[in-house]
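What follows is a pair of complexes built around chain A, which joins chain B in one and chain C in the other.
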Partner chain A sequence: MNSAVLEERQDQVHRIGEGEFAMACNRDSLAGAVSQRACVFCGSRVVLYPIADALHLVHGPIGCAVYTWDIRGALSSGPELHRMSFSTDLQEKDVIFGGEKKLAAALSELIDRHSPKAAFVYSTCIVGLIGDDVESVCRKMSAEKGIPVIPVQSEGFKGNKREGYAAACKAMMRLVGTGDISGISPLSLNILGDFNLAGEIWIIRGYLERMGIQTVANVTGDGRVNDICRAHGAALNVVQCSGSTMDLALMMKEQFGTPFIRASYLGIEDMAESLYAIAEFFKDQDPGIVARTQDVVRDELSRLMPELGQYRKDLEGKRAAIYVGGAFKAFSLIKAFRHLGMKVVLVGSQTGTQEDYEELASIADPGTVIVDDSNPLELSAFIKEQGVDIFVGGVKERPIAYKLGVGFCDHNHERKRALEGFEGMLNFAQEVHSTVMSPVWRFTPRWGKNVAQGSGPREE
Partner chain B sequence: MLLRHTPTEITERSALVINPAKTCQPVGAMYAALGIEGCLPHSHGSQGCCSYHRSALTRHYKEPVMAATSSFTEGSSVFGGQANLLQAINNIFTVYNPDVIAVHTTCLSETIGDDVPQIAEKARQEGKVPAGKYVINASTPSYVGSHVTGFSNMCLGMVKGLAVKTGKKNGKVNIIPGFVEPSDMEEIKRLAAEIGVPITLFPDTSGVLNGPLTGKFRMFPKAGTPVEALKGVGEAIGTLAMGEWASADAARYLDSEFKVPCRVLDLPIGLAATDRFIDALRKIAGVAVPEKIEFERGQLVDMISDQHQYFYGKKVALAGDPDQLIALTEFLVSMDMLPIHIVTGTPGKKFEGRIRELTKDMGRPVNVRGPGDMFLLHQWIKNEPVDLLIGNTYMKYIARDEDIPLVRHGFPILDRVGHSYFPTVGYKGGLRLAEKILSALLDRKDRDSPESSFELTL
Partner chain C sequence: MESSNYVSTTNACKLCTPLGASLAFRGIEDCVPFLHGSQGCATYMRRYIISHFREPMDIASSALGEKQAVFGGGPNLKKGLLNVMKKYGAKVVGVATTCLTETIGDDVPSILDEFRKEFADLPLPAIVHAATPSYSGTHADGWREAMRATVDALVVDQVEANGTVNIFPSLISCEDTRHLKDIFTSYGVKATILPDLSETLDGPVLEDYRPIPSGGTPLSAIRAMSGARASIELGRTLAGLPTAGRVLADRFAIPRHSLGLPIGLRETDALCKVLEELSGREMPREMQLERGRLVDALVDGHKYIFGKRAVVYGEEDLVIGLVSFLSEIGVRPVLAATGGKGKAFGRAIEAVTRDILPEPCRAVEGVDFHDIAEQAQELAPDLMVGHSKGYSYAKEWNVPLVRVGFPIHDRFGGQRTLHVGYRGAQTMLDRVINAVLDKTQTDNPIGYGYL
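Let's look at the complex of A and B:
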């Protein structure tokens, strides 16, 4: 194994083709590891923050509000209230005497000024410790102001992002079922687990519209409170990013009987399969939908494929590494890279489950390294060993890749171009091409001979 | 209008910060600790804190930022984080092998009441700290002060944790540069070398957070203040602390505990503050100001004189950290500009007084607030528009909504590069800053001039 792997982490790393597949995961990060993971609050915040006409108040010291201030690029076609940063900025005296009064005053002022459709109040670590009764403050404010004021139990120390996703889903579930559902088409669905980064949800909604399907609620990209309140009126939930909103789908199924299917909008097959699965669901009610879906896919592919071919020419045989937050993205990315003639040689996630990793193992090539909750030393060692040409990751990984002289694609909060849908695949190809083929790498030191199975002239 | 939700009418707020002009202590402590050679910052709290701080610093510097975390769980929050920190110290020295672990606390570990110095001592007694290696610490609760306070506390932690009392003098001067860019730290070293003053600069992030692409990933770049140098700061002949907020505490501690006399100066941004810094260095060295530095000063004065008609009377709104704002305000006033709205999120009684003192001859009232936020600043701007904004990237919302040019300065800058490479301290830094201000103003003039008065030569 790689010497950069902590002994305690050996069972969170696996090499396909070496022994039986077993993976320890969803385990607390080891104390002292330079973990790439975040906390419960982070998970809740990223899921809920794109709801653009809600007030998002962070109850805690200033940092938690600052680090989540408009960092995700979740676009709105209307209100922009979600892009402001509101914090109770707890001080020492609040920690001693409690922050409930401050919270009530802050909520009262903000709701009066901005008239949001709902308010989310995020609990941070400190709130969990000092024992503020956020629930009761929210209840009072809700009664006083006549809008839902919803506590999000997102104390950071209660786990990793996963628990945060669950807290966010619980918070949204308080809205679902409270809205008027008259007039909703029988051919309707909610989009769950898309955050409209770079306008992606607009692309997906466009396809659905061409198929004749009404989208009731965006959960949560370009999201609106009233839409979420009437989400139970939709015939189907389509769940992407299974980690973040699967809990909401499960709760809605239990309470309202709303069925759900899983989907992915990244890459050609997954995008097409997702649309076909949706058509399949509705075809008994509207037999024409299958043909309409085929038209959408055919149209899009006939535009996409010739252009894609140009990029593939250069990228054939290049090697990719993937390290993402949720494992679901990794599946689609592996397939997307295959379309470009590329091979994924390292894949991992911060919060994958046993099931996720088994699925990854089943589609990965022999020799591919799979990691859970990794750290920079491990990642950089594997990148060098595997002769990687492009690394797909988040903000903290980008400069590590560049220092190694490796291309990078942000598939996380900081993507600047839509990567979903058929046009997203083209953007993805362009982005991969631009970074893998960048002339700047010609000016960087070459790697050692032991990784020469990677492409390009990499002699010492 | 992204900030369309900002009303012009100003009401007093007591329970709420909107669009903050500060962040929390730990990120400042982490930044300071990265300026020690071979040091791994360690965040004693939940893993989210560490992740956020690393992301924030990565976005600002576009460099790998390494730090470890105690990864608190619900259990550690009930029973205390001692077991986590002991395990962390052991793991870090075993796997990453730094020379120093710099532990900073978080609101979580502070409120639980973890005694970090005691835990570090326990780690030493249990043999978890190898010979010649160090664990230093700083108390940095997020509900006190700001990122600047955290930086200051970690500077103090370096002195407390590493300085050795020998009673000898090493003939060097300590310079604590403040919460400035790696490029600024490099420039301070250059100026001291030009004048011939041997210094220990701490912390020193130059080369750590503005390093070259080498084809290698190094957890610990070969840069930063060496541990040996930090051990000797108690033997220095004096300390120059740049900035009351970020640097004074460590300097005063050296003064009282090690009898190293200190002087607290403003950050050397702009003409007058740089003059005072150069003069202080010159006096310590007992030399005249070298010709080369006189030349640089002359260039800055020359450029300002060439362009002074464009600076004259331009109104400026600023947000940032107290030490930076004080120096910037003095610089702007000295160029005949009008800094009229100024906020910092960092608390500190002296701030408003210093700004009022620096602007008292402007002949007009100035809005200044510490602690304030960018929502208030925006409201002031709506009530009295300005020609220029100076501040971090978060100011771009106001810049766009009000259509005012923005010169980026401070922390964080998430959307431009340059701050890591080009200093704003010293005369050279003053030239860059003046050039940036001038370009922003003249680009706007060119954009807005009607064809009839659009001029080739300015």
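Let's look at the complex of A and C:
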């Protein structure tokens, strides 16, 4: 085993081809290890943030709000209230005497100023400690202002991102079922777990429209409160991402009987399969939908494939490392890299489950390293050992890759380029190409050294 | 002092206290910044810092969960320290508390004492503890407190006089630190600057990842501060606050010079004057030339910017320096705003503008961007000077934003922005004038080729 791995973390790392697969995951982060993980609040914020006509008030000291100010490229076609950062900015006296009054006053002030369609109030760590009754403040403000004011129980220390997703889903569930559902087509669905980064949800909605399907609610990219209120009128929930909105789908199934299917919009197969699965669901009602879906896929592919081939010529044989938030993304990325002729040699996630990792292990090549909740030291050791040409991760991983002279692709919530859908695959290829093929690596110290087993930088 | 009229905070113009402390701890050699609190805070701050510096920024965390929040974070803190020792081989660990641990009332000094006793058989790092709850203070306070605590904890023995000068700047860029060092060297002054981010957050590309980046103020140099002949603190609000310089003055009677951040002509002159006294040397010719070129440029450029109305915002000491500089070049700072409060901000703004501005510059503290925007509406600014978070407002008002300070998240090279010294003033003058010219040219249908 790699010496960069703390002993207590040995069972959170696995190498394909070395013994039985077993992986410990979903543990609390280890004290003193620099985890790439965030908190419950972060999880809730990520999920609810793109709802563009809601007020998002962070109840707590300033940091938690200011670090999430407009941090993601979740686009809106209309209101942009979500791009502002609102906080109660608790001060010492609030911590001592309680923050309820301040919360009520802040809510009142902000609701009057912005007339949002709903307000979400996020509890941060401190609020969990000082014991504010956020629920009752919200109830009161809701009655006073005539809009839903919804508490999100996202005290940071009460777990990790995953608990935050659940809290966000619970919060949204208070809206679902409260709206008027007349006029919704029988061929209709909600898109769950897509955040419209760089306009991605618009791409997906475009495909669905061509298939003849109405989208009722975007959950939550380019999201609107009223759409979420009538989401129970849709015939189907299509859930992307294993973590973030699955709870909502499960709750809606239980309460409203809305069936759901899983989908992924990253990479060619997954995108096409997702559309076919949706067509399959509706084909009894509208037999023509299958042919229309085939047309969409054929159209898109005939445009995409020749262009992709250009990039593949250069990228064939290069080696990639993936470290992302949810494991679902890793599956799609492995396949996407294969289309570019590339090999994934390291893959990991912050919040994968046992099943996620088993599935990863089953599609990964021998020799691939799989890690759960990793840290910079570990990641850098594996990058080096595996001779990686490109690292795919979030903004916190970028400097590690660059410091070692390795290419990088931002595949996280902050990306500014659409990577979903068929056209997203092309963007992805361009992204990968623009970093792997750059001439700058030859000036870095890694170049010319015998980098482990990789195809990585070498003198030619 | 004017302040905000609202209860809620919208788009804050400050960051939280432990972020400042973590940044400052990053400027000590072989030091790992360590947040005692829950995991989320550390992760958010790392992300925020990395987006500016584009460098690795590890911040360890005691990663408290629900149990520890109830029963106390001591065991996690100890365990975290051991892990940091093992993985990083740190010589110094800078422990900053967070809102969580301050609220549950963890007694960090006693926990650390216990830790030192419990593991006395191990080669322990120096552990510094800074109390940094965000519900009182901002990142500027965190920075200052981290350095005060460092000196308080590490400079305990009187060493022999060594003729050095201790320098304690408020938050400045990596490039600023490099330039300051050059200035001291050119005067022949041996200086220990704390903290020193010049290499730790702006280092070369590597073959092997270093758990802790090279650079930073060495522990030995910090310990030797008791033998210095003087301390210079750079930042006008520091004079009235508990600082590292004050600890050294109280404990070792080291004379303490309180200056502003050397931004612009007059504040740099003030620094040079002290350096002349300390070194017994005249201003080196190279600097004289820089100063001369700067004044020459002020003359060449004055008309482009005369009377332009500027809104300036950010940390207190930076804003004071910028306002001083802008007043010198003929720009009219109409609003000086900061998210911090309770310091001598208004008085300092008044002091640097009194004899040069025709009308006083409005100074406001404890404000957010909503307050700034509201005031700016009536002030009709021509430009904004501050960090990148003012961008959406500059865009809305269609005025140029000259990006300075921290953070700069939407441009390249924030860590290499030079603000201090005559050279820094020269760079900023060029940038301010070019921002105005750029706007003139863009707005003008004729498209003048000479401006």
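Here, the second predicted complex is superposed on the first by the 450 of 460 C-alpha atoms of A that agree within 3 Å, B and C clash if a C-alpha of one lies under 4 Å from a C-alpha of the other, contacts with A are read in each partner's own complex, and residues count from 1 in each chain.
Please note the rule applied: a residue touches a chain if its C-beta (ideal position, glycine included) is under 8 Å from a C-beta of that chain, and two chains touch if they have at least 3 such contacts.
As the structure is a prediction and not an experimental result, all values here were calculated from the model.
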Overlay on chain A: chain C relative to chain B, clash or fit: clash
Touched partner set for A:84, first chain B, second chain C, both or neither: both
Which of chain B and chain C A:335 touches, first, second, both or neither: neither
Chain B versus chain C as contact partner of A:162, first or second or both or neither: neither
Which superposed partner A:415 touches (first chain B, second chain C, both, neither): neither
Touched partner set for A:400, first chain B, second chain C, both or neither: both
Contacts of A:205 with chain B and chain C, given as first, second, both or neither: neither
First (chain B), second (chain C), both or neither touched by A:125: both
Common ground on chain A, meaning residues reached by chain C in one complex and by chain B in the other: 6, 28-42, 60-69, 83-92, 94-95, 102, 105-106, 109-110, 125-126, 128-130, 156-160, 376-377, 380, 395-396, 398-400, 402-405, 444-446
Chain B residues touching chain A - in the complex, by the definition given at the top: 1-5, 7, 13-20, 22-27, 40, 42, 45-56, 58-59, 62-74, 76-77, 84-85, 87-92, 95-96, 106-108, 111-112, 141-144, 146, 211, 213-219, 345, 375, 394, 397
Contact set on chain A toward chain B in their complex: 4, 6, 8, 28-42, 60-69, 80-81, 83-92, 94-95, 101-103, 105-106, 109-110, 113-114, 124-126, 128-130, 156-160, 376-377, 380, 395-396, 398-400, 402-405, 444-447
Chain C - residues contacting chain A, complex: 6-12, 14-16, 18-19, 34, 37-48, 50-51, 53-66, 68-69, 76-77, 79-84, 86-87, 99-100, 103-104, 133-136, 203, 205-209, 211, 389, 392
Interfacial residue positions of chain A with respect to chain C in the complex: 6, 28-42, 57, 60-71, 83-92, 94-95, 102, 105-107, 109-110, 125-126, 128-130, 156-160, 376-377, 380-381, 384, 395-396, 398-400, 402-405, 444-446, 449
